[in-house]
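What follows is a pair of complexes built around chain A, which joins chain B in one and chain C in the other.
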Partner chain A sequence: MDLNAFLQTLVYGLALGGTIAVSAVGLTLSYGVTRFINFAYGEFLTLGAYATLALAGAGLALPLAGAVSVVAVGLAGVAIARLAFDPLMHRGLLPLLVTSVGLAFVLHNMVRMVAGANPLRFPLPLMRPWEVAGVFVPREQVATIAVALVAMALVHLLLSRSLLGKSMRAVADDAALARSAGVAAPRVLAATWFLSAAIGALGGILLAVTQVTLDPAMGWRFLLVVFAAVLLGGIGSPYGAMLGGLIVGLGVELGATYVSADYAYAFAFVLLILVLLARPRGLMGGRT
Partner chain B sequence: MDLLAFATSLITLGLIYGLLAVGLNVQFGFAGVLNFGYVAFFAVGAFTSALATLPPPGSPAYVEAGAQYALGLDLPWLAGFALAGLAGGLLALVIGLTSVRLRTHYLAVASFAMAEVVRYALSNETWLTRGEFGISGIPQPGHGTYVPTELYAYAYLVGCVAIVGGLVWAVRQASELPFGRLLRAIRDDELAARTLGKRTARTKLQALMIGGALGGLAGSLWTHSLGVVHVGQFVPIVTFQIWLAMLLGGTGNHLGVLIGAFLLIVIREGTRFLDAVPGLSAVAESNPSFVPSLRFVLIGLLLMVVVRFFPHGVRPDRPRTAPAFTGDLPAVAAAQAAQDAVEGPILSVRAVTKRFGGLAAVDGASLDVARGRITGLIGPNGAGKSTLLDLVSGVQRPDAGTVYLNRRPIAALPPEATAQAGLARTFQNPRLFGHLTVWENLMVAGADARSESLATTWLRVAGRRALEHEIAGRAEAVLAFLALSGLRDEPAAHLSGGQRKLLDLGRQMIRRPSLMLLDEPAAGVNRTLANRIFEHIGELNRQGTSFLIVEHEMDLVMRWCDRVIVMHQGGVLAQGTPAEVQRDPAVIEAYLGGGRAA
Partner chain C sequence: MKRSLTRALRRTGVLGGLAAVAAAGMLAATAPDARAHDAELEVGLLLPFTGQYAWVGSNVQPVAQMVADEVNQAGGIAGHEIAFVQGDTEGVVDAGTTAAQKLVNVNNVLAIVGPTSLSFSGARQVILQNDVPMVSPTAGTTALDRACRDVCFRTVPSDSLGGRAIARAATDPQYLAGDQATRKPVLMVGNAPAMVSFKQPIARAFDTYGAPVAETITYTPGKPSYRSEVRGALANDPDSIVLVGTPEDTARIMTNAFQAGYQGRWFVTQDQTNSDFIELAGARLVEGIYGLEEVSSDASAERNRAFEQRFRDYAGADPQIFATNTFDAMNVVALAMLRAHLRDGEVTRANLAANIERIANPGAGKITVHDYTAGAKVLRDGGEVNYDGLVGPTDFDAWGNITAPFGIRQVQNGRWTTVSTIAADALN
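Showing the complex of A and B:
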């Protein structure tokens, strides 16, 4: 086996894995508090990427455009959840699931109405990849890995150190108990939606960088990959989602290189199904 | 466009989507399976039927059409149609066997992923499916031979009306018979159905396969009406359009769902005229995907609006009315229990242990339940009484120890098997089938596997009526015995606490078990009704049924139980007659000590 090609694949796998890991954290956070799998989550990725593109087109520097987009999509997430999900919170699982699917179609087709269906790309200058010991390391991928690591470190600090993080974990553990202990559930819910959407938007920006192009269905297509990572790590567990994201990303890139490029993402779905069957609570899940 | 031709194509499409929606309704509306990958059955059926009926590669027709596909079996259309149903059913079997354990959103995600895997396979195996290009020239049955081209669309519509009508009639038939009743019961509470002796996994699998087969058949009807098939037709939004049709029509009601499909098609095809809206065409010129995207936005919005404001659809599923019963009422009691030739205790529990984490809820408990007697099981809260009932009835498996029912080991059996062995149990909070009426709750409990089988449902018409009459007789007898006749058409969810307890008891009675485990049959019930429940128990006991009853109300225990077993901290503390137990210093200590600690 060609070692350089393997290392090359590894770099791409880590970048994709980091992207998936960040995206998976956002989804799993909202699940922990709301207890349903949000099928519209992929649209936060799409919105994040397109908002960044629009702001960059308006003259903002790309990192600044990205930061503004992350906050904007976070706020949009709070508004969307309040309009679409909050009224259904007490009606069981099916209405929430179906609503999130409907919302996904509404959002990504609205993006398509505005931006058109053609693939676009960020105004990134062409950069010569670094050459490290004969392995070409594209700078975009390295930047993606770095941003993903920083984002995950911030999430970790937020969850473990801040009062908000503790409240979120308390609500995730037992909503009724948390409420009786004085945790303001509606505010925690709003904060959770903000974080989920904002982290999703960041995932979308990273996705647009690692995959070079962005199109209106990118988030919807990527959704199952994110599901795979979330379920692999044990749904509701942010650290599990990070690990699951890395495994899925590496798996997809290695599978594409060494087995079949056509089926790269199908591997992730098969992995997802196998995990569901073997360990419905995920590799790191143990709590019922 | 010719209006008549347009209407014809709309109705044909409506019928095909109606068949899909009915298939999904069998899976979700009846069996409660959250399938978010239903389009896979449609796709598999369409491709199967196309490849089965195409002329083989190399044949004159193939060459003439300039075709490039690799497989064509040249079978008659009917064979393609049948194979499409078979393919859909087999795919459902695979999905069912692998994921029948999964619940709710896990199942939704897994089925969604499976449909995407199917779509990946169809688009990547281009040698078979021609991928994105698809296959055209799919034979249309009778086109140009029996039916002239200009009349073909009308003839196809007539054929669809007959086929879809026949299939929906057959499915509706099954849904209103014991098979469908059991499915609705499973949807409400699967564990309760299992404790009534139902092999729920098998029944759900059958429903899944019927739904899958209907999806496959719809795929065949569709692909032969178009004459082309390509993988781009089977994207996830198709699944959710079928969901929309089902929700719009009225989940659980096949006719409503059929109407829902027509509404969906009218709305969906109506949006094709969006171009005609002034102003939109100007925008559409600069962005060709504007109008198609707008159509999907509208479908997505409709899905959200229907779920939020219109969750029951245009034809909601209504409670069924029980048919009037004519004939003689049979005896209520446990006739078979008296015939039991086996001697000795009816139930023996030996050194049974169950741990939850570090806590042993039941810790080496051993006890016997005397045949033909009423045995009380008492003990402070947390003594392990309900867990013991779970272990005996198979709701949970013991970590160690054995349980014998009529000398037969049952500790490793699932609840449906212990129920079939002659055991019945009620839960502290009655687990009724809330959407089913009182009468239906009893009918589900009373039906046996034979009357619920699909062969009985569709083939043995005379035998089916005799079976149903026999069960209805027992249900009527139980209703009379418990004085619930006035509530027979009331959904169980509307009953009061005491009525729920009574119905739960009746649901076990109708099965004529030899041993009944009752978990606090009179808790939360007023004094008069509690006495009445125990009078019923006493009457059943006189007729031969043995009882093990968890009860806190000591005077009821003293009055009705022949023997009393006291549990404390997971083990058996004392047993004997009520009077002996009441005098036992250890029992007094356990109750008072527990009281002081609390």
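Showing the complex of A and C:
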């Protein structure tokens, strides 16, 4: 085996895996607290990417545009949840699932209406890669991996060290018990929606950096890969989602290199099936 | 029809009304040619109007409407106006099947303009089983090369020809802008019907021209990045990469290759040979790449300019990709309808297909025409016409294919510039 080719593939896989991991954390966080899979989550990715493009077009520096977009999409996530999900919270899973699918279409078409259906270029300068011991390391991939690591570290600190994180974990474990212990469930719910949408927006920005172009369906398309990472890691487990994202990213790139470029995704999903056969609750034993 | 249906429902009650509707439906299903005697002659536009390829429908519809308006303002076909029914294929196979079934069996259209390569495989059986004449202005797919005799026509050259044109240009410096001939190409093709269609023609043509493809990489469309695929392509140390993909994937692959240090040549297909692609990919990235485009013959260049001005006056916008092909497709359909009415006394699916060849192909004593108005005058005066279109002679072979010249373009200073033309007979 050509070691350089293998290392090169690992670098590519880590960058893609970082993007998937960040996106998967946002989805699994909202599942952990609300117990339903939000099919509109992919649209937060799309909104994040398009908002960054719009703000950068208005003259903001790209990192600042990204930061403002993350906060803006987080707030939009809270508003959307208040309107569409909160009134249905006590009516079972099915109405929430159906609403989230409908919401995905509404948001998708809103982006299309405002920005148009044609793909757009993400305003990232064209850069030659660094060459380290014969391995090409694209600069924007280094930035992607760094941002993903920082984001995951912040999520870890939030969940393990802050009162909000502990409250979120408490509601996720047992909402009734958390309420009786004085945890304000509505506040925790709002914070969860904010975090989920904001992390989704960050995932969308990283996705835009990775794939160079934006289109209104980008989040919806990427959702399947994000689901795979969430399930692989164990649904409801943020740490599992991080691990699942990295494994899926590496699987896609290793599959494209060593199996077939035509079946790159198939290789990642074969991995998912194998893991689920051995550990039906995913790698980190999340809630099923 | 609507008023009489309401009366029937009132008189006979709901059950009777439903029976009347069912009977009307059965009559319509068993007598497709009756449409010719209704107020309008309906033509189906079987194209993507939503989804990733919605731009195809947006490009085709206004041109088709412009020709239909020309026909209708001249009194229509025996007083019947041409009207369109949309069948939205969404650019996918299954929606294409559903849309074709609706157009053929429910709307009972006389002819279809479309489909695209993306949904031809889904629509094919419906079209063949019902003998509905189709004239596609967009489907270059090789699946149509020998798909059906007599009912399938297209006013766009086959990808077989397009593939040969790319290989011919890449291996022959006379068609390049001062570059050496390609000796070691790599072919990258997206795994979707419209793209895979190019795979064999390009690979075979490179073999024929003495520069076999070092590796063919078929990749999954829509992936966020193609770094591993690009790494595989570059491992062959190619002097050129021929890339067949959507504009988005092409921009991604070219960016990934740039980031991996590739400095060789690129050849892309018609979907990328436009200013939108330069904007999407970035002028710096695409400077110097070669692209393929269908061009008008020298003889039709002046008519193309007149068409562009006419369309601008009509729609207030520049004609887009497939506009000239649509102009030819609709003129062929309209002239065939008129000839069917004048010579056969009726317009049916069966005689429409037969008349398409009669008005489009050359023959003794035929008068060459370039639009509906001129052709209609000749036909009404008792003559026969040979429609010669904007894309070329529009002479169909037994399988409904045409030949056309191709232009080789290169991005120079951020703009596509035509550097050479390959005549249709140079590709035989």
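FYI, the second predicted complex is superposed on the first by the 270 of 288 C-alpha atoms of A that agree within 3 Å, B and C clash if a C-alpha of one lies under 4 Å from a C-alpha of the other, contacts with A are read in each partner's own complex, and residues count from 1 in each chain.
In this section, a residue touches a chain if its C-beta (ideal position, glycine included) is under 8 Å from a C-beta of that chain, and two chains touch if they have at least 3 such contacts.
Every value quoted in this text rests on a predicted model; they were computed, and no experiment measured them.
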item	value
Overlay on chain A: chain C relative to chain B, clash or fit	clash
Contacts of A:D262 with chain B and chain C, given as first, second, both or neither	both
First, second, both or neither for A:R179, with chain B first and chain C second	neither
First, second, both or neither for A:V212, with chain B first and chain C second	second
Touching partner for A:I37 - first (chain B), second (chain C), both, neither	first
Which superposed partner A:H156 touches (first chain B, second chain C, both, neither)	neither
First (chain B), second (chain C), both or neither touched by A:L272	first
Which of chain B and chain C A:M113 touches, first, second, both or neither	first
Partner chain in contact with A:R169 - chain B first, chain C second, else both or neither	neither
Superposed model, chain C segment overlapping chain B, candidates 2-10, 74-82 or 92-100	92-100
Footprint overlap on chain A, comparing chain B with chain C	117, 262-263, 265
Contact footprint of chain A on chain B as seen in their complex	34, 36, 98-99, 101-102, 104-106, 108-110, 112-114, 116-117, 120-121, 124, 237, 240, 243, 247, 287-290, 293-294, 296-297, 299-304, 307-308, 311
Residue ranges of chain A touching chain B (in the complex, touch as defined)	36-37, 84, 87-88, 91, 93-95, 97-99, 101-106, 109-110, 112-113, 116-117, 216, 224, 227-228, 231, 262-263, 265-266, 269-270, 272-273, 276-277, 280
Interfacial residue positions of chain A with respect to chain C in the complex	5, 8-9, 12, 15-16, 19, 117-121, 126-129, 131, 136, 138, 140, 207, 210-213, 215, 217, 221-222, 252-254, 256-257, 260-265
Chain C residues touching chain A - in the complex, by the definition given at the top	52, 54-55, 191, 217-220, 222-229, 231-232, 235, 247-248, 251-252, 255, 258-261, 276, 279-282, 284-285
